[in-house]
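Next come the structures, one after another.
First subunit A sits with subunit B, and in the next complex the same chain sits with subunit C.
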Partner chain A sequence: MKVSKESIVAQIYEDWGEKPQSQICIVLLNYLTHLPKGKHYHITFGSLKVVIGNSYTNTDLLKAIQYLCGDRTRLLDTNFELLEDERAVPLSHSDIEIAQATGELIHPKTGYTVKNFEEKVSLYFVPSSLTENII
Partner chain B sequence: MKEMLTMCDLPIGKGRDATISRLLRQQFPASEIKFQELRTLYSNHILVGQKVIRFFNVKEEYIDKLICLFEFYEIEPTVYQKHYPFPVPDEDLTGIDALPKLSHIETTDENISLVFCTRRSFTERTEIDIGDFNTEIQEKLVYYDKIYGTKRCIYQFFDIIVIWRNRNLVEIRIDITKNSLSQEYDNSFSRITKSFNSLVDTSLGIQEILRNRVNFFPLIDKLYYSQNEGKVFELFFTTDEGSTKKEIIKKDKGDLRYETYHNAGKNAVHHITAYHLAILWNFIISKHIQSQTIDIETQVELILPGKYYILSSTNPTIEQIIIEECGFIEQYKFIFNIIDKYLKS
Partner chain C sequence: MFDSDISFEDLTLRQLKIYEPFVPGLARFPSRLLADTYDKFIDQLYTDIDKIISLLEENPQFYQDDPEDKITLEIKNHLLTMGYDASHEARMGGHVDLAVRKNDYLWIGEAKIHSSYPYLFTGFQQLSTRYSNVNSNQKDGGLLIYIRQANAKSVMDRWKAYLESQELQNYMSSPCQKKDLAFFSTHTHERSGQSFKVRHICISFYFNPLDRK
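Up next, the complex of A and B:
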């Protein structure tokens, strides 16, 4: 279903009003809707920080990202990966759910338990399906 | 060393040994002043040469207390102090414990530098030439392509703590070697921080004075986008399509910021996200020698050594920097002022 950009902007203002998150969310909305379609993306927190510039704090950005990953205005989906030296192994959401429930992360390729997995798991973002349908 | 000898108007031979023999042939006392000057330059080199550095924010009132404490501090005599600024002979190093020892204090109008000497040991791995063995052993080793030996080496390191007057800043500069691993830096930082914190706790009753580390990560973009600041020769970055790029340009060539391939790539995407930067500056040291001014051209390098995964953090952080090719106080001051300027901007 197609959604107009104006309606998303209106929704963001309705939720955040004069708070910095309104501006941050709109800058991120513009960025995400301008990305070429049909490609794979891997967007880090550091990258989104570059997109919004230096006028906002990390906490302001984090709140805006949490909002954009939420159900109401989902522009971003979250993904996880396991960092091993210079390589990253993709993790599924169920890998993470099991790790959170059991306190143990099983390496998706080797099957071994990953020691200190909290330090090795990294979060990144991809544009949600909604961004594909914004007109 | 070559630049130091030139600055002192001392002769340089072809290579280390030839230089030493030429220096030994110098006539005294005419050259005594030059040697004294060389000693001063060497002492300064200990404070700034080949270091990995951390900055700590410290309250103004604590800085004042530190200055009062160390301005007239009496150093406990040690074997390091006896030989300073020269290293302890190798045969005497083995018997010393591995704890950092305050060995010298250098006071200027701008700061107080505390030199801590430490003995550190490393395991070095060297290839052994099979041809060095006798025929019988060579026959036994016939199925091996290469033979390696390991040996434990002990070196003296000079680690520095600099207390800056009027800046609310304390620096730790750790000596580095070419093959040092980042884990070794961390251990060295942790040892010297612990020693200093404990010394300050005992003397002033201030606990954990060095705990607020400065984050250098914002310097990457500030220096990269500064246009005319230095010459970028290494840039590691990611793009939002999931690629990691490591770009390096030869130091004697251009600047990555203006390189054709780099610019074409950068212009094709919305932005790049940098996590590692190395940048160098040309720096001229002018010296008056026998009524004429000699300009010595040098290059100083600043490395902001980041890993790609710091970009996933909600607070990307780089807590240590490396300054290379820096042998003179003037060069260090130059880089320090640039860092200070961009950290504040």
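Up next, the complex of A and C:
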């Protein structure tokens, strides 16, 4: 289903009003809609920070990311990966779910328990399917 | 300043927890993303509603004169910024105070400022007989009870007793493990014939600082 960019912008303003998140979300909306379609992306927090520039704090951006990953205005999908020894190991949502329930992350390749997993599990983002249907 | 001093490329689960005091709900951000079943959605929603309520209850002085709708709107706005698809909908047989959707799942809430138990019961009836359409994707609701008088526990205990006296079909109640001043009721939903579960949620806005007297 196609969605107009104007309607998303209107919804963002309706939800955030004059707060910085309105501008941040719109900058990110423009960024996502200009990415070439049909490619795989791996968008980190740091790369989104670069996109929005230096005018906003980490907190400002985190609020916007939380919102854009939610069901209300889903522009970003979230994935998880384990960062260790300069390598990234993809994690499934069920890996994370079990880790959160048990307090232990089992390494998906070695089967060993990952120590201090919360410091090693990173979130990254990909454009949601909605972004491909914005006109 | 804490926020701008820290530069990082990768956002880890640990960082979400570090920023939780600045971005309410952020530590539970992955749990919201992972809530892919109806039961997980409801459980996560209640956790987040409780967090929002505790934020509101930190400043009861701000809510002494507000009407029901204004307080509920504030809860809705908090949910929106957490990413929930929350709304105040003029549909579903009337004007539902709070509706939260995730895919095909729907939770509805009715809010009432406590003035009497019959008045709370009108809210419960609106929720049960006007707005809800119980099916596998919508079998829970919430009654948000804004209490401005002292001893919220007494109000909730009396409300529970009042509800029990209403002879609802197959009525049962159970304590809420997440929040002391909340409880669950279930009864047979008249229209669908299925069980409808309601979380009765206390929000205490009592404010009477004795140092002013």
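Here, the second predicted complex is superposed on the first by the 135 of 135 C-alpha atoms of A that agree within 3 Å, B and C clash if a C-alpha of one lies under 4 Å from a C-alpha of the other, contacts with A are read in each partner's own complex, and residues count from 1 in each chain.
Assume a residue touches a chain if its C-beta (ideal position, glycine included) is under 8 Å from a C-beta of that chain, and two chains touch if they have at least 3 such contacts.
Note that this is a predicted model, so its numbers are computed, not measured.
Of the two partner chains placed by superposition, A:G111 touches none, neither subunit B nor subunit C.
Once the two complexes are laid over each other on the shared chain, residue contacts for A:D15 go to subunit C alone; subunit B is not touched. After overlaying the two complexes on the shared chain, residue contacts for A:I96 are found with subunit C alone; subunit B is out of touch.
Shared-chain residue A:Y31: touches subunit B; no touch with subunit C.
Once chain A of one complex is fitted onto chain A of the other, the partner contacts of A:L123 extend to both subunit B and subunit C. Set side by side, subunit B and subunit C differ in how many residues of subunit A they touch, and the one touching more is C.
By the touch criterion stated above, A:V51 is placed in contact with subunit B alone, subunit C being left untouched. Once chain A of one complex is fitted onto chain A of the other, the partner contacts of A:L83 extend to both subunit B and subunit C.
Of the two partner chains placed around the shared chain by superposition, subunit B is the only one that A:Y41 touches, whereas subunit C remains out of contact. In the superposition on chain A, A:L62 makes contact with both subunit B and subunit C.
Once the two complexes are overlaid on chain A, the subunit A residues touched by subunit B in the first and by subunit C in the second are 44-47, 58, 62, 83, 122-124. Those residues of subunit A whose C-beta lies close enough to touch subunit B in the complex are 31, 34-35, 39-47, 49-51, 54, 58, 61-62, 83, 86, 122-124. Residues 218, 221, 238, 240-242, 244, 270-273, 275, 308-316 of subunit B are the ones touching subunit A in the complex. The touching residues of subunit A, counted against subunit C in their complex, run 15-16, 21, 44-47, 57-59, 62-63, 65-72, 78, 80, 83, 93, 96-97, 100, 117-124. Interface of subunit C with subunit A (complex): residues 1, 3-4, 6, 8-14, 16-17, 19, 22-23, 25-26, 29-34, 36, 77, 80-86, 101-103.
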